[in-house]
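There are structures below to look over.
The following pair of complexes shares a single chain, chain A, combined with chain B in the former and chain C in the latter.
== the complex of A and B ==
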């Protein structure tokens, strides 16, 4: 990795910074090997890079003080939430400290009348929804992992509900951030829309810790629908399943979730989650609305599915069955990894215009069918986004090489279809070159932004853009 | 105006730039007084500032060449669409050229299967919807004026449909922009979501010509709903009307439009648009969905309205009646201006969290009731956004002073309620100080962005941030 060879802080600088951090944080600053190792790796196959130390912050003011110390001594800072990212976002490529925000887990203010909530960055999406349970409101963005809101904002996360409710891009109203010089800035107020100047909120959403440390997040909430129903539908072939999704979206059915799992993935989750679904390309769906509205949506989609070779369309309003279904969906990547002992998953993440989705998935299926690596496919196909969860043993170079080859081909296929190399996982240090392939000259604008807003290059260096 | 005293290009620079522009554009470069005067003013009360010349571009390549010439000679460039902005956005505060994009009016590509369209910046929203009429799709963003898509993107416009469909922030998928050094950049591909690097699309949406010239816009389209119905409902008092809106939003009714017009505004549009609505606080509503869904929504809102003192709730599925209603709504500002001969309107634009909306409007009503200026109120209240269309004669300093006083008080009231000084009109040169009051230290980040991305300060100088 070229990034690993980048300049690291000298031992003198680290020593000075560490002394100041210890004075500030006491035993909430750690250089223990196990703590460092935990903070240098995420859930992906990417090589971990341990930070030199880990600082556990409790408040925005403390984050500001930590950033000031690191800026004084030119020590890199890598924000850390739950470590569930997938492109090596938390790897300390150039050393420095991991800034663990999981202790910043206060719900700052719930505003049920305004349908919004402000939380500290370390609050996880499940903790938030648990807290909200008596308000009649919920926070829909659901990337599968129980990620922190700060991490979800930093990576522009989305997931299964995005087809109806949007991604973090659409749902973050405002951020409190600490700039690389320690200043604290609020990017917006709580009005639901604003034309007041450059959109700093959207600039920092998806910036992956490279421009600032996000310490508070204000997000939109939604009334829990009067009725929710879920459906499962198997298809004769993958084309029928994907064409059903496309027709559903094109007809404007406000489906809340519409997820594809191919035969390989269904087989994996049957084993992992003890289900007995028919091993075939399958859609998992969810409908939100009034009782009549939900029934109407389900009927419309059932008719579309029948036209596309559906083998039965089973729907339910039972909460338990729904929960079981979505838990299985969320465990899809772990189910994939469980196909082989000691394996991890390498999740691809392309997203294409929906008109090209069938072609992209069918071609990809052909490609991976010829490979020796198990390649379940699962996807948020309502957005044109799907993942191949390639099951690899990271210790076997031939498997990594093969997965890399398949990933390259998939991304070039998606880019040729006017798609993106990453729909929701982000760039981290795993997709630096693909970002250039995708954006061309626009990457130079991103580089200018990075240099202007983080002139010392201490904020998660080596991620998103190379300097 | 401090801005007017800012450095202007020397006559030598202008002469050199004009010679090059004339060589490039022939008679599509003009220094005629009438042409210049047309391009230095918008629809607002703000003082116009004529540019030194006007360049009419026909393509992205031509825009790039024009920008290169202006960069070479340090001549300011002010992009111009239809001139319907409201905060002096097109005023040539420091001279330079107006870059008229209205000739860039090609529909580049309609992708009905992907629910998106790419247009040149000069295409207006009405022209776009006319072009789309046989596709079953429509573009919902509707700021009232028949603005260009480039201008709407540049000002982060929204309007009556935003409560359901979002603003330009949510609906622009990608932009083609010319940077201040003439480079052409595409900000994104056509995938509906992406986590590939910094969100340049959102950075340029709302940048008001200060960072780039937008030359192409890709936006989302929506299926024309199976059923549309509209409703009109008068209330005993303004509190009842606003509380109806709040309850509707909080109950998650997916209303497409929910607009407030106060008694003064109803009186004005009765006269201007030849209607005979009861002179009382009134909501105009529109529902989109299936036939059953639309009926269900209307019934729900009718029940809420009754609880809040509604005096009758009249709904219709007739297209003609609907069109007449919304045309009257769109003409509200002109109806206001028509209250006094020779008058113009000064449109305020605050947006507050919806829980504070009743209080904000009621206090504002009290305030303006004591003024000698007619002050109709109209608003996209589903978003918490409303306008006081203050009717002023720009030649009478005492009227401008009074409107300014009312505007100051309104904005401070909204900021104290965690709102914004502009929900959809933008900053231009009319709200520079309010931006600072609203954002504080965050404005310094905006200034850093401006300096990094437009180091020569030739892109619409004097707007959004002072340097």
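== the complex of A and C ==
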């Protein structure tokens, strides 16, 4: 691949940078093979690229010092949260240093009165919610993996709650970032709304480590709703399930979660998460609000579902049962991979306008039914976003070729429907060409921005845009 | 005579022509917000008013695409016909600014204007899904798309929203729209001082009754709304039964907090509109005042209010549960004195001031050095020759 051929830093530069990093970090700088291998790969099928070394930072000042050293010696820096991204985001395409932020795991300040919290970049979403347990507040964004808040901001992540609470785009209030020249900048103060200048927060959210290192994140919190109820609802066919979703969204029912799992995916999670759901296209739903509001929402959706061939709602109001259900949903991709020994999953990620969703999923289902690789479908359908978790053995070229063919077809279908090639996983190096297909001239605008804000091209080079 | 291109290609030609002649452009829709931002001197005016019309509106999709010069009146009337709305409640500042009507879609997005529902529903920026624009380099590009979620690289649509026309000329916008709330009910408390009122407003969020309007008007500002004493307002919206149940719960909670008797008003749309549009400061009695919009962490609002109250002749009211303060200050009170009184709390933007003043003091809150340097680099990439709205946001940007 072209990416791999890009220049790597010379041995002299690396030696000089390593010496400085060792002096700064001691044993928190590592060149051990296993440590490097761990940091050069994500959870996807993409080929890993090991960094030349890994730096473990403990503070914003330290990150700034590390970035300064790397800038002095022109050594690439690849920020690393928990490495759960799916498009080769953390691969060290041009070598350099992986900057691991997991040690920056302090909750800086919880402000219940203002409904926000500031955390260091390495705090994971689960750790944050555990910390918030006694405050009556929660943070809703929940990618399947237990990702870091810094990584989630950097990838503009979403999850099952996005249909009601939005994504990282709507929920990050401010960032502390280290720029490629080592300067530390706070993008906004904790005010709800910043009228001050360009929205740097939104520019850095989703920049995939290519413009800055995020060291602190301030996000919105929400009161835990008075009432929560979850439901599982199986359908006679996938069209009925998706039509239910569309009608629900179009009527403005403020569902908190509305997730589709097709028959193949249900079968996979039954096995992986020890459930006994009927093997059929199924919606997992959750309603948040006041008691009356939740009851009303649930009734409305139940009526819509019945009209679309639902085979009855199964309610779960108990917290444990709900947790089990959503954990199973979050583990869907792992459940898919477990269908075949030694396999990995390749998750597609298109998002289409909601009224085209049924057509898109039904067509896709026809496609994958003819394929020789298992293709469970699962998705945050309330946003028009769904994944085919194609189960592939990365060592078998014919499986990769087949998955690639299916992925191409799906993306072209989505683009023809005015959709996007990636609703939440991002570009990394896996979707560079699709970004060009989707955005054309805007990609050159992005390129000039990248050149302006990272003139030495040391921040995660080779991701989002090729220079 | 302003330049009035008829389509996007015409906009591109106008920008290219300005580049080749080395002249600068004041970019506007109908010019209703000319008074916002720093006063600037541009060679020519580029008006988007002829790029008008809805391109596609798919109510079942909850998406609307329109040309940037389409008037807000047209957009809102079109949405209302299908029971939908712009959920961020954009204000109409024409009475405040003495301009003619709410203006265009492009102006609304360029200024990122949002009203009382903003703390619950999001800002204008959050509803901009995609756009088309012509950069200061004379290049046409599109950003974002027509889906509610996408992570295709840098979020240019959000960056351009609120950039006051200094990066690119917006030509077409795609917005997410929402069903208009079926019913609304506003609970009103009278006569409360600021601090306890604000604490009740914030508390109602944590209560989980999902308020969509939380405002407090101190006694001093009340007469301008035809009221006699302080008003504290809680707005609940949604389907009737749910609104009633939540109102009941809120009423019970307020009683438990020792709040004064609750008044329920059904038809307070006018009152919310007045707050949205800063009407308390639009009247003749305040005509010469400077008007400020201050955004701040809600929990600090009471303290900031107390400091403002100590300044002579200042009037103010709170929206977004204290996340926003609208303030009017007499012209004799210097901008420096006002900013100093804030002691660094939040961001203060001068929304209404005479042109001469807007030319000599920062209208937007002064930025930290690092931020200012970044902003300049971004400006240089989109508009290297500085031809679009020069100096509108800051000198040099």
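The rule we apply is simple: the second predicted complex is superposed on the first by the 467 of 467 C-alpha atoms of A that agree within 3 Å, B and C clash if a C-alpha of one lies under 4 Å from a C-alpha of the other, contacts with A are read in each partner's own complex, and residues count from 1 in each chain.
By definition in this document, contacts are C-beta pairs under 8 Å (C-beta built on N, C-alpha and C of every residue); 3 or more make two chains touch, one makes a residue touch a chain.
Every value quoted in this text rests on a predicted model; they were computed, and no experiment measured them.
Superposition model on chain A: chain B and chain C are shown in a clashing arrangement.
By the touch criterion stated above, A:198 is placed in contact with chain B and with chain C alike. Within the superposed three-chain model, A:118 lies out of touch with both chain B and chain C [touch as defined at top].
By the touch criterion defined above, A:207 reaches both chain B and chain C.
In the superposition on chain A, A:94 contacts neither chain B nor chain C. Legend: residue contacts after superposition of the two complexes on their common chain; A:186 is shown touching both chain B and chain C. Judged by the touch definition given at the top, the superposed model places A:252 against both chain B and chain C. Of the two partner chains placed around the shared chain by superposition, chain B and chain C are both touched by A:453.
Across the superposed pair, chain B and chain C both touch chain A at residues 111-116, 155-156, 158, 162, 166-167, 169-170, 179, 183-187, 189-200, 202-203, 205-207, 211, 223, 225, 249-252, 289-290, 292-293, 296, 351-355, 383-385, 418-427, 431, 435, 438-446, 448-453, 464-465.
The part of chain C that touches chain A in the complex is made up of residues 58, 60-63, 112, 114, 118-119, 122-123, 125-126, 135, 139-143, 145-156, 158-159, 161-163, 167, 178-179, 202, 205-210, 238-239, 241-242, 244-246, 249, 293, 295-299, 320, 323-324, 346-347, 349, 364-365, 367-368, 370-372, 374-375, 377-378, 380-382, 393-394, 397. For chain B in complex with chain A, the residues that touch the partner chain are 111-116, 155-158, 162, 166-167, 169-170, 179, 183-200, 202-203, 205-207, 211, 222-223, 225, 246, 249-252, 254, 290, 292-293, 296, 349, 351-355, 383-385, 415, 418-427, 431, 434-435, 438-446, 448-453, 464-465. Residues 111-116, 136-137, 155-156, 158, 162, 166-167, 169-170, 179, 183-187, 189-200, 202-203, 205-207, 211, 223-226, 249-252, 289-293, 296, 351-355, 380, 383-385, 418-427, 431, 435, 438-446, 448-453, 464-465 of chain A are the ones that touch chain C when the two sit in their complex.
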